[in-house]
Structure formats: structure tokens, C-alpha cells
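Scrolling down, you'll hit the structures one after another.
One chain, chain A, links the two complexes that follow: it is found with chain B in the first and with chain C in the second.
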Partner chain A sequence: MTTGVIFTLVVIGGALAYFAWRSLRGKEIDRRLIFLVIGATVALPLIFPLEFEHQPSPLVERIYERIEALPPGSQILLSYDFDPGMAPEVQPMADVITRHVLARGHRIAFMSLWATGQAQLNQTLNNVIPVDFPEAEIERDWVNLGFKAGNEGVLRVIASDLPKMFPTDVEGRPTAGMPALEGIRSAGDFDLVISFGGGKPGPREWILFVADPTGVDFAAGTAAVSAPELYPYYPNQMLGLMGGAKGAAEYETAFMGQYEQFADMPSPGRRIMGPLTMAHIVILALIVLGNVIYFRSRRERGTA
Partner chain B sequence: MRRSTLIGGSLVVVFFLAAWLIKGAGASGESPYYSAFLITLAAFLTLAVFSFLYADNPVYKFAEHLFVGVSAAYWMVLGFWQTLVPNLIPRISRALSEQLELEYIDELWNVLYVIPVVLGILLLLRLSRKLGWLSRYAVAFIVGTTAGLNFIAYTRSNFMAQISSTFLPLVGDWTSWAAFVDNLSLSATGPLALLMANIVVVLGVVCGLIYFFFSREHSGTFGMASRLGIWILMITFGASFGYTVMGRISLLVGRMTFLLRDWLGIIAS
Partner chain C sequence: MKRQLPFFLVFVFGAFMAIQYFVPHKTSEAIYEFFIDILPIIGVFALALGIWSLTKVSVDKIRYRRENWQYAIFTLLGLFLMILFGFTDENWGFHWRMSPEVAGEGTDNPNFRLLFNYVMIPIQATMFALLAFFIASASYRAFRARNLLATLLLIAALILMLRFTPFFGDWIGLRLSETATWLMNVPNTAAQRAIVMGVGLGLVATALKVVLGIERDYMGRG
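Let's look at the complex of A and B:
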């Protein structure tokens, strides 16, 4: 354990002890002090990294295994349905899946139902493909269909006629004849569809308007806030689910463990888990402390 | 304006200007001062929003209003250039297509492409006091079609498919229970773990429904099932809360990473 990690634990432990001492003496804690401690709890493990072991859960493993099982050259649709607010959780999933799909020799069609998703998609196109797959060619190995306004309307159209909604890619090149979209008439023709998101439209709309009507294999990577409402669709209507930063960390672990050439790749999903775990511990401690004070004051009121 | 506000504001401006110049001097690339300016501006806006945690203030208000305005404009511009222009113009006008350097789609002229244009224009008439009533036709169309289309999708996926997913086998191979107990964990797999998961799902759904069944008094066995239903609901809400905390803290981690790595350069990328 490094000095930095010990310093982090001492600061967090000291802050919690101070809160407990003040609360048990019946004094109030300024909420701004709690914000400051949460800020320190997140910042310190970023400066002095804390690493944890991750084991892919069955929901994440099924997505990984599905991509592994597809024959090279399979066509996969990745939809970036999120904004910068969800990016810390969802962008790592999108990046690692892109790496996995291209490493397996599959072809990708990128698209977005969110205007902000296109900017996030550009992050993958700028930071992942040219760095790790310089040999991957646009139109042949991947195509960027870009953002289309219309929410569920877009999904309804591509469920029956994809070229009608995407006559051109984001740069205005005609999509007809592109090898990356060879043989694709509708979204149902893809071998796998993955939506990264958490809002509306997002994975739920993909299930309702594309996966269920066409029967295409569908998986989702979602912000933690939306994960609980997607669980009921697993496993019959959804192949697998990556929920929040934990899902991203699990997928990165599975991928980096098997592909040696990517063992040192950036893994923001795993890095986020250190501060996230510490913040959870602090919040849990505050919840326990709050309950202790509540029951104590109730008992005191009862005896008074 | 109070003197202290003026001094505070000036200090903030000087601080961020200094931060920009220092960042620009240390940056590399084609236009270091421009990229340093963007990063410093993003850092300023992040800290402006964080300042709300201390108290409501004009800097926070500025950042909030800027966000709303920029978001609305961004969605509108992208929607226009990436949906309306490439999907509509090449289908209705050769001249406009050539002017916008789009490939004209030579197919039979279809009136169906004109109807959305008319409805879209009617929607914009909402801005006029005299003709605003015309926008109701477009709104009525949107409400009617959305309700109709969603009704089918929700009935199929959220009702029928969900009921079908609840019909799970509750009898299976119990002989593997010894191995299950040996490897007892939250991520245990195998036939017995699956069987137990099925029992939890079926019991959870039935008890949850019983809790919302008010035509009979919640007493006896029915009452016990109802109380179990409350527990199931509480555990669900707890899981949702836990995930929400995870999401919000992840967001904070994202902004902290930006401040510490991209702006201050304290942590490595």
C-alpha cells in the first residue's frame, strides 16, 4: 500500500470520525462540509490510484461471448444515445466494445439518436480507431451514419428500411454500396445491435421498436441510473447489459485479459472504480450515521 | 454592484486568464492557445456549476443559462443539417440538391414527403398570435400517431413479453445443491442458482401484484404475501437508489478527472 493510498484512507477516515463525533454530540454538520468531503473522496483516489479486482458478471459476459462467437466480418450496429453527462460511465463501454469488435474483424455501423451522442461518437473515432486500428478503413470496416432527429420515429423506420433513413453517411457519402453495410436492408439484418445510453430514446426504445419486432440480437450499455429498469428485459428480450461504470470495468477486464496487445490500453472504466468505491463507502457510512442519530433522538424523545 | 462582488469577480477573471496563458504556454500542437482557451473555459464552466453547492450565485446562473441556450441551438442545427437536409431535399428538389451539393434521389415524386414539411411549418406558426391555432393540427398529429404507435410497441414488449418472461420453471434439478452450497456467492451460476432466481422472480411478481390488489383485505396468507410484496418493492427501490448514487458519483468522477488531468495536469492520462 503506497503512502498516497494511506493518506487517502486517513483523510476519509478522519472526516468520517469527525462527522460521527459531531453528530453524536447532537451538533449539526454543515452540508457544504459533506460536499467537500465527497469531493476529496473522489479526487484523492484519482491522484493516488486505488485498483480493485473485477470479475465479469453473467450479464456482461454474455455480450463478450456473443461478439467472440460471431464469425469475422459480421456486422454490428453501435448506437451512441448519450450525452456528456453520461459519458464517464458509458463512453468507456463504447470504446472497449469498439476495440473488441474491430479486433475480432467485424464491421461496425455507428449511429446516434442523440445530437450530443454524435460528439461522443467522434471521441471514439478520434481516440480509438486511428490509434489502435490504423489499418481499419472507413466504408469498408466501419461507417459513421451520424445523428438523426426523430427518436422512436427513426427506430421505426430503420426497423424496416435502414437506407431510407440513412441515404448518406455523416459526411454525405451515399451509403448504397458501402461494404460495411453490405446486405443490410433493415436494422434486423445486423448480427448484433448495441445501444449505449440511459435516457430516452435509449436501450428501452431499441427493445420496443427494433429488437422485439425484428428479433435481432440486442445488448445495452447503460448509465447506472437506468440499469434497474432494464433488468426485466434480460435475458429474453436483451442479450446482456453493462450497468454503469461497474459494467464498463467488467468488460474492460474481460477484454484486456484475453487480448494481450490491449493489456496496457487506457481503462477509464476500471480507473473510475477506485473513487467510486470510496465515495460509496463514505455515503454508506453517512447513511448508517444518519440512522443511528435518528433512532437515538427518537429514543431520547420517548424517554423525555 | 457591491464592491466585494466587483473585487471577487475581477479576481476570478484574472485567475482564469492566468490559467489560460500558463496552460497555453505549456501546451503543444497546432494552436496551443486556442485549445488551452477551450479547456480553461470548460474548467471555468465546471467550477461555475459546482459553485452552486456553496450557494446560488450569478456565475452559476450564467453557466446554467449558457448550457440551456447552447443545447437548444446545438440540437436544432444538427437536426436541420443531418436530418432535414439529407433526408428531405434530395427527395423533393433537384435544384436545391445541386445547390447544397447533395446527390438527388431520382425516384417517383411522393406527396408523403411534403406532408411532414407542411406539418412542420404549421408547428412553427405557434410563434404567431394570429395563426398559432394552426399548430394544433401538427400537435394533434404527433399526439395521435405517437400514442397509436407506442400502444402497439408497449403492449407487445412491456406487457405480453414481460408476462411470458415470468412463466419460468420452478421445478428442476435439486441434486446439485451440495455444489451450490460449496460455491455460495452472489454470482453463483448453474441449474440450482437459476432455479432459485426463477423462484425469486415469480414470488416477487406475484407478491408485488398482491400488494396492489385492494379488493380484498390484506390479512392472513394474503396479508403475508402483501407484506412480502412491500419488501420486494423496498429492495427494488434500494437497488435503484444505489445505482443512482453510482451514476451521480461517476459524473463527479468524470468532471474531477477533467479538472485534474486535462486542466491542471496533475494526473496522467
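Let's look at the complex of A and C:
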């Protein structure tokens, strides 16, 4: 344990002890003080990295196992349906899945239903593929279909005819005859479809308009706040789900544990779980202390 | 006529789309495919309409010096700069569409990336980051066991949050994880399914009202 981590734990522990002392005396905690402590709780573990163990949950494991089980050369569609606000949680999932899919020798078709998703997709194309897979060739191993306006309308068309919606890739190359899209007539012909996002259109629309009607294997990576809405579709319409930064961290753990050449890869999902875990602990303590004050004041009112 | 024609079109197309679902004939499916192909075109027009609407509202705000009109200048600057960078390459050459022969165009334009990476991402990240502070403050003030339902909600939330904490060792950690998974898979899924089905039935009712001309607000009240 480094000095920085010890300093972090002392600061957070000290703040919680002070909060507890005030609460036990029946005094409310000033809102500005809560803001200050939350700021420190998130910032310090980022400055002095604090990492925890993450065991993949069954929902995450099923996506990992599905990609592992597909024969090399399988075709996977990745849809970037998110914006920078969701990116800290969702981009790590998209990046690690891209690494996993290419490491297994599968082919990828990238696309986006969000205008901002195109720029997020470029982050993967610029930071992951040229760095970790310099031998991967556009058209043969991956294709960028880009963003299409039309939300659910786009999904309805690609559910029956993908080339009609994407006659060319984002840079104008004809998609007909591309090895990465060999034999693909509709989105249902892919071996696996994964949507990353949490808004509308997002994984839910993919299930309603593509996964359920075509029967294609579908998985989702979503912001934590959207994950509960997707549980009704698991496991029948959706084979797995990565929820929030924890889902990303679990997937990174599974991937880095099995692929030694990626053991030292950037793992932003695991990295942000440090501040997130500490913030959870502080919020948990605040809930408990808030209730201590509440019951104490209720008892005092009862005895008065 | 100005009102009757749209109602008539809504009724014909709405009724067709509903009946078509139950007619597995190739003519019916071909007509359905034709209409589905039109959807993305409507989507593109909606995008153009959105740009026009935002421009008009912002220009009016500046022209009539309405409250906080200065912000509208930045809205218009952001909108048109991103469009300009989207249509140009790094040497300011204009392109209608992206091409593999030209480097640094569209979303790869360095200026586009600069604005996206150093303006849009920090702005959205800031908005989301603020939530952490408000959630912390709200959970302290509002999350209290005032009655049975609030207590159940509180316990469920505590278990789900405790799942994230790594300090409980294997045995307790595993039980916490199992309980959290059960909470998400059973009570949460049951409630979400009920909501989904309720929303679905509500959508059918609303669609019927629109198709039959009972609900006419979408035409305006004029």
C-alpha cells in the first residue's frame, strides 16, 4: 500500500469519523462539507490509484464466453449509441470488447445510432486498433459503417436489409464484397450484436426492432443508471449485460486474466472503480448517519 | 380539408400498419418494406428541421435581446462550427461526403476532434460529475426510514451498494452479491416488466386514439 493510498484512506476515514461524531450528537452535517468530502473521495483515488478485485458476474461472463465460443472469423456488430456523458462508463466496455473480438480473430462492423457515437467510435478506431492490432485491416477485419440518422427507422431497415441502409462505409467505400461483411444480408446474419449505450435509441430499441424479430444473439453494455430497465430482457432476448463501470471492470478482469499479452493494457473500467467504490462507501455512511439523526430527533420529539 | 386530409392519412396508414402485421403475404410485406424505407428519410428531415428550429429560436433570442441572449451566440457558434468542420478536411477543402483518399475530414478533422475532445466531452462530463455531489447530499437528507416502504427501499439500496464494497471477505461478499443479484433479477425485473407492459398497453390505447382521430393534439389546437 503506497503513501498516497494511506493518505486517501486517512482523509476519507477522518471525514467519516467527524460526520459520525456530529451525527451522534444530533447535529446535521453541512451540505458544503458533504460536497467537499465527496470531491476528495473521488479525486484522491484518481490521483493515487486504488484498485480492487473484480469477479465477473454471470451476466458479464456470458458475453465473454459467447465471444470465446464463436469460431475465429465470426462477424460481430458493435453499435456505439452513447455520448461523452456516458463515455466514462461505456467507452471502456466498447474498447475491451473490441480488443477481445479482434484478439479472437473475429471480424467487426462498427456503427452508431447517435451522432455523438461516431466521435466515440473514432476513439476506439484511433486508440485501440492501431495500437494493439496494427495488422488488422480495414474492410477485411473491420468496417466502420458510421452514424445514420433515423433512430428506430434505421434498425427496422437493417433488420431486413443491411446493405440498403449501408451501401458504403463511412468513407464511401462500397460495402458490397467487403470480407468483413461477407454473407451479411441483414443484422440478423451477424453472429453477435452488441449495443453500447443507455439512452434512446439504445439497447432496448435494438432488442425490440432487431434482436427479438431476427433472433440474433444480442448483448448490451450500458450506463449503470439504465441497467435495471434491461433486466426484463435477460436471458431470453439478451444473452448478457454489462452494467456501468463495474460491468466494464469485470470484463477487463476476465479478458486481462486470460490474454497475457494484454495484462498491462489500459483498464479505465478498473481504474474508475476505485473512486466509485470509495464514493459508494461515503454515500452508504451518509445514509446510515442521516437515519441516526432522524431516529434520534424522532425519539427526542417523542419524549418532549 | 387542411385538417381532414392529415386525419385521413393517419387513419389509412395507421390502420394499414396494424393490419399488415397479421397478413403474411408478399405484397403486404413489400408495401410494409416500402414504408419502412421511408422512415430514415423522415429521420434525416427531422434532423434538418431540428437545425432550422434551433437556429430560428437562437436568432430570435439574440435579435430581441431576450433573457440570457448571450448564450444563444455560443449555441449558434457551436452548431455551425461543428457543421463546418464536419464538411471540411484539415486543409479546409470542402467535401460533401467522406472519402478514403482524403485524410482528416469529417469527424476526423483535427478541428472537429479538438472541439469534441476539449469542449463537448468536458462539458458533458461536468454535468454528469455534478450528479455525484447532489446524490450524496440528497441521500443524506432524504433517504430515511420513515415508513415500511421507505425502509424496504433503503435496505434494498444498501444491499446493492454494499455489493460494490470489497471489505467483507469471501463469505459475506458472496452472500451480498447473491442477494443483490436476486433483488435485480426478481423484484426489479417483476416491477420493470409490469411497467413495460403497462407502457405497452398505454401506447396501444394512445395509438388507437390517434388513428381513430379521437386524440388530435398533434395537429395543434388552431
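As a working rule, the second predicted complex is superposed on the first by the 298 of 304 C-alpha atoms of A that agree within 3 Å, B and C clash if a C-alpha of one lies under 4 Å from a C-alpha of the other, contacts with A are read in each partner's own complex, and residues count from 1 in each chain.
Note that in this section a residue touches a chain if its C-beta (ideal position, glycine included) is under 8 Å from a C-beta of that chain, and two chains touch if they have at least 3 such contacts.
Just so it is clear, the structure is predicted and the values come from calculations on it, not from any experiment.
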| item | value |
| --- | --- |
| Which of chain B and chain C A:I29 touches, first, second, both or neither | second |
| Partner chain in contact with A:T3 - chain B first, chain C second, else both or neither | neither |
| Touched partner set for A:Q261, first chain B, second chain C, both or neither | neither |
| Touched partner set for A:A224, first chain B, second chain C, both or neither | first |
| Touched partner set for A:L208, first chain B, second chain C, both or neither | first |
| First, second, both or neither for A:P167, with chain B first and chain C second | first |
| First (chain B), second (chain C), both or neither touched by A:I47 | first |
| First, second, both or neither for A:N122, with chain B first and chain C second | second |
| Interface residues of chain A shared between complexes with chain B and chain C | 35, 38-39, 42, 57-58, 85, 87-88, 116, 118, 146, 148-150, 152, 156, 165, 170, 172, 227-229, 232, 246, 276, 279-280, 283 |
| List of chain B residues in touch with chain A within their complex | 53-54, 71, 74-75, 78-79, 82-84, 86-87, 90, 101-103, 105, 146, 149-150, 153-154, 156-158, 161-162, 164-165, 187, 189, 236, 239-240, 243-254, 256-257, 260, 266-267, 269 |
| Residues of chain C defined as touching chain A within the complex | 33, 36-37, 39-44, 46-47, 97-100, 106-108, 112-113, 116, 120-121, 123-125, 127-129, 132-133, 135-137, 139-141, 143-146, 154, 157-158, 161-162, 164-166, 177, 181, 184-185, 188-189, 192-193, 196 |
| For the chain A and chain B complex, residues of the former touching the latter | 32, 35, 38-39, 42-43, 46-47, 55, 57-58, 85-89, 115-116, 118, 146-150, 152, 156, 165, 167-168, 170, 172, 174, 198, 207-209, 212-213, 223-225, 227-229, 232, 236-237, 243-246, 266, 268, 272, 275-276, 279-280, 283 |
| Footprint of chain C on chain A - complex, ascending | 29, 31, 34-35, 38-39, 42, 52-53, 57-58, 83-85, 87-88, 116, 118-119, 122, 146, 148-154, 156-157, 160-161, 164-165, 170-173, 227-229, 231-232, 234, 246, 273, 276-277, 279-284, 286-287, 289-291, 294-295 |
